[in-house]
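Residue numbering begins at 1 within each chain, and the chains themselves are lettered A, B, C, D, E and F in the order written.
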Amino acid sequence: MADAGGVVKKFMFVNRKSPYGTIYALESLEVVLISAAFDQDVSLAFLDDGVYELTKGQSTKGVEMKNFSPTYRALEGYDIEKLYVAQESLEERGLSEDDLLVDVQVVSRAEMADLMAEQDVVLSF
Amino acid sequence: MADAGGVVKKFMFVNRKSPYGTIYALESLEVVLISAAFDQDVSLAFLDDGVYELTKGQSTKGVEMKNFSPTYRALEGYDIEKLYVAQESLEERGLSEDDLLVDVQVVSRAEMADLMAEQDVVLSF
Amino acid sequence: MLHTVNKSPFERNTLKSCLAHVKPGSAVLLIEDGVYAALAGTVASDMVQQAMAEVSVYALGPDLDARGVANRVIDGVKVIDYAGFVDLVIEHPSTQSWL
Amino acid sequence: MLHTVNKSPFERNTLKSCLAHVKPGSAVLLIEDGVYAALAGTVASDMVQQAMAEVSVYALGPDLDARGVANRVIDGVKVIDYAGFVDLVIEHPSTQSWL
Amino acid sequence: MKFGIMVNEGPYQHQASDTAYLFAKAVLAKGHEIYRVFFYHDGVNNGTRLTVPPQDDRNIVNRWSELAAKHGIDLVVCVAAAQRRGILDESEAKRHGRDANNIAAGFRISGLGQLVEAGIQADRLVVFGD
Amino acid sequence: MKFGIMVNEGPYQHQASDTAYLFAKAVLAKGHEIYRVFFYHDGVNNGTRLTVPPQDDRNIVNRWSELAAKHGIDLVVCVAAAQRRGILDESEAKRHGRDANNIAAGFRISGLGQLVEAGIQADRLVVFGD
């Protein structure tokens, strides 16, 4: 199943939506985990409300939903280490890198645009 | 089915979404038509992208969807005559009353707020 | 009148449209992704703080908790639970959901 | 790179975010409710016209027709059909959908 | 006090059905009555018995069914919206020549008039959607 | 050229499935190949055979089934997303002890790996969603 025939493409998962209000963030993460098995060049971009996916201290008991935020910490174990977060999106929301639950690279809009432009496949959530 | 036991409430259907991109506008109209059978005090509000529901000249052949805009013209026959359209929403979109396919009352934000505040039941689409 | 808003103020025009139509003395309850509008220090905070001069603003606590932002709420925004949501609906003769 | 936008510029931040990330020489295709951004005389027209200095902007004709706005398109926005959509995808090595 | 509840989104994709359910539970916990829950738009998808959610997540459909069974709540799925989206009960399936149905326990299929009637009969109607 | 297509919304509620279908038809009309259409999120709801849309409207599910039959296109519904939302084929229904299934002709249920693989094998992947 995970045979890519030696092809290595640059895959980017673009996350622009906050968690819990919709399922996109959770199901995006499920694709990311699967992609690890294919030995592709995978990166994740978090911009706009997508930066909220990574906030520390998520606690979902009251809404009776599954808290999937710990899974972001597991990505490193799958060799998925390119997590890019938009600096402007953090600033607009009064957030800093310290508020995030994983190590990320904070990038400017121009840097994010460069990263997007060099991808082979962009999946948007 | 259409026996309201003599109760007459003020129902407002609030339309804030454009047609075709989502089904809300079409299915909102289906509720409006049904509501006519209950002899309630029905009004429709169109604001934000909801004003696009009423634009003349909709032609859906190319997208293979049903053009439901003529149904707005039929509302009068159901004694549904209170159609309020937000003036600011028209202006932001460069539209005027002449661009709309039915007779409406164009109201200011303050007037729309007054109308909303006097309703018993507000259904949002 | 009670107005509920369930959309992020950064993503959609929903809260802005709601606040343009609330009358003094009415209440605005932020739920689901709408609770991001209840937070201090964002580009949307000013809009909410200005509205608080005329209307009461509430935020649903379980939604703040889920999103990990309960400790960032603007002073004066009242945090309530689902029971409080029910009370608000009862207190006001009608509810409008801004979707 | 081809960027598609399917949201109304009045309702969401999608187009604004897209235009902040397009590089000179890339293309933006407006589809579904995104075609409202292709119209002249709206509060969103300036944003699109400024972008057109650096990128090509396209709009999907069948979506303009459905919404009754085909006669309002900004000069210079190229109106295409589904076949033209396919051509754009082929011309550009990758496509990003802004949802 | 009598409450009407309208649910406009399907399970899992949006939070609307979750919020509506937790709101409904709170209504009942306070001793109030739920006159009807009306499922419209993709909300009709809350009424399928075929969902198999992950073990470590909530079962949205079953929660509604159980709430209805315990408190005798009327869960109504709009027939027109349900037909468009493939939610059928036995008689609907038969009428339209389909070989299967998928309606969940405690849900019934009926017309949009049931929504308007809920607006008339209930003291409050609250809409949950996207 | 080989195209992959991803559809993230169900039928009727959003236009995504309509646009994806019309795009797919245009791809084929130009003589290109569709490597796979992958249905994710609520997109899995395109794969139910129980829809009964109004006579005067398009039948979104049947259109996909017919396109697949005519051109031999691989329509894949994500198994995890489908389980959450109640889209089952015969073996899935059996495995999870359900008394009915609702998968439409031409659709098959498989894993998310099929999406990643489509991204690798196809020359272009286009996403349609909300």
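Everything below uses one rule, namely that a residue touches a chain if its C-beta (ideal position, glycine included) is under 8 Å from a C-beta of that chain, and two chains touch if they have at least 3 such contacts.
Just so we're clear, the structure is a prediction, and the values are computed from it rather than from any experiment.
Counted as hops between touching chains, the shortest connection from chain C to chain F is 2. In summary, the chains found to touch both chain E and chain F are A, B.
Centroid to centroid, with C-alpha atoms defining each point, chain D and chain F lie 26 Å apart. Here the spacing of chain A and chain B, counted between their Cα centres, is 40 Å. Chain B and chain F have CA centres that are 33 Å apart. Chain contacts: chain A has residues 20-23, 48, 63, 65, 120-122, 124 touching two or more partner chains.
Annotation for chain E: residues 12-13, 15, 19, 22, 41, 54, 80, 125, 127, 129-130 touch two or more other chains. In chain C, the residues touching two or more other chains are 6, 10-11, 13, 32-33, 62, 81, 94-95, 97, 99.
Interfaces, counted as pairs of touching chains, are A-C, A-D, A-E, A-F, B-C, B-D, B-E, B-F, C-D, C-E, D-F, E-F.
Of all the residues in chain E, the ones that touch chain F in their complex are 10-13, 41-42, 45, 48-54, 61, 80, 83-88, 92-93, 96, 98, 100-102. For chain C in complex with chain E, the residues that touch the partner chain are 4, 6, 31-33, 62, 81-83, 85-87, 89-90, 94-95, 97, 99. Listing the residues of chain C that touch chain B in their complex gives 1, 13-14, 17, 20-23, 26, 93-99. For chain F in complex with chain A, the residues that touch the partner chain are 6, 40-41, 80-81, 111-113, 115-117, 119-121, 125, 127, 129. Taken in their complex, chain B has these residues touching chain E: 1-2, 4-5, 7, 9, 11, 23-24, 27, 30-31, 34-35, 37-38, 40, 120-124.
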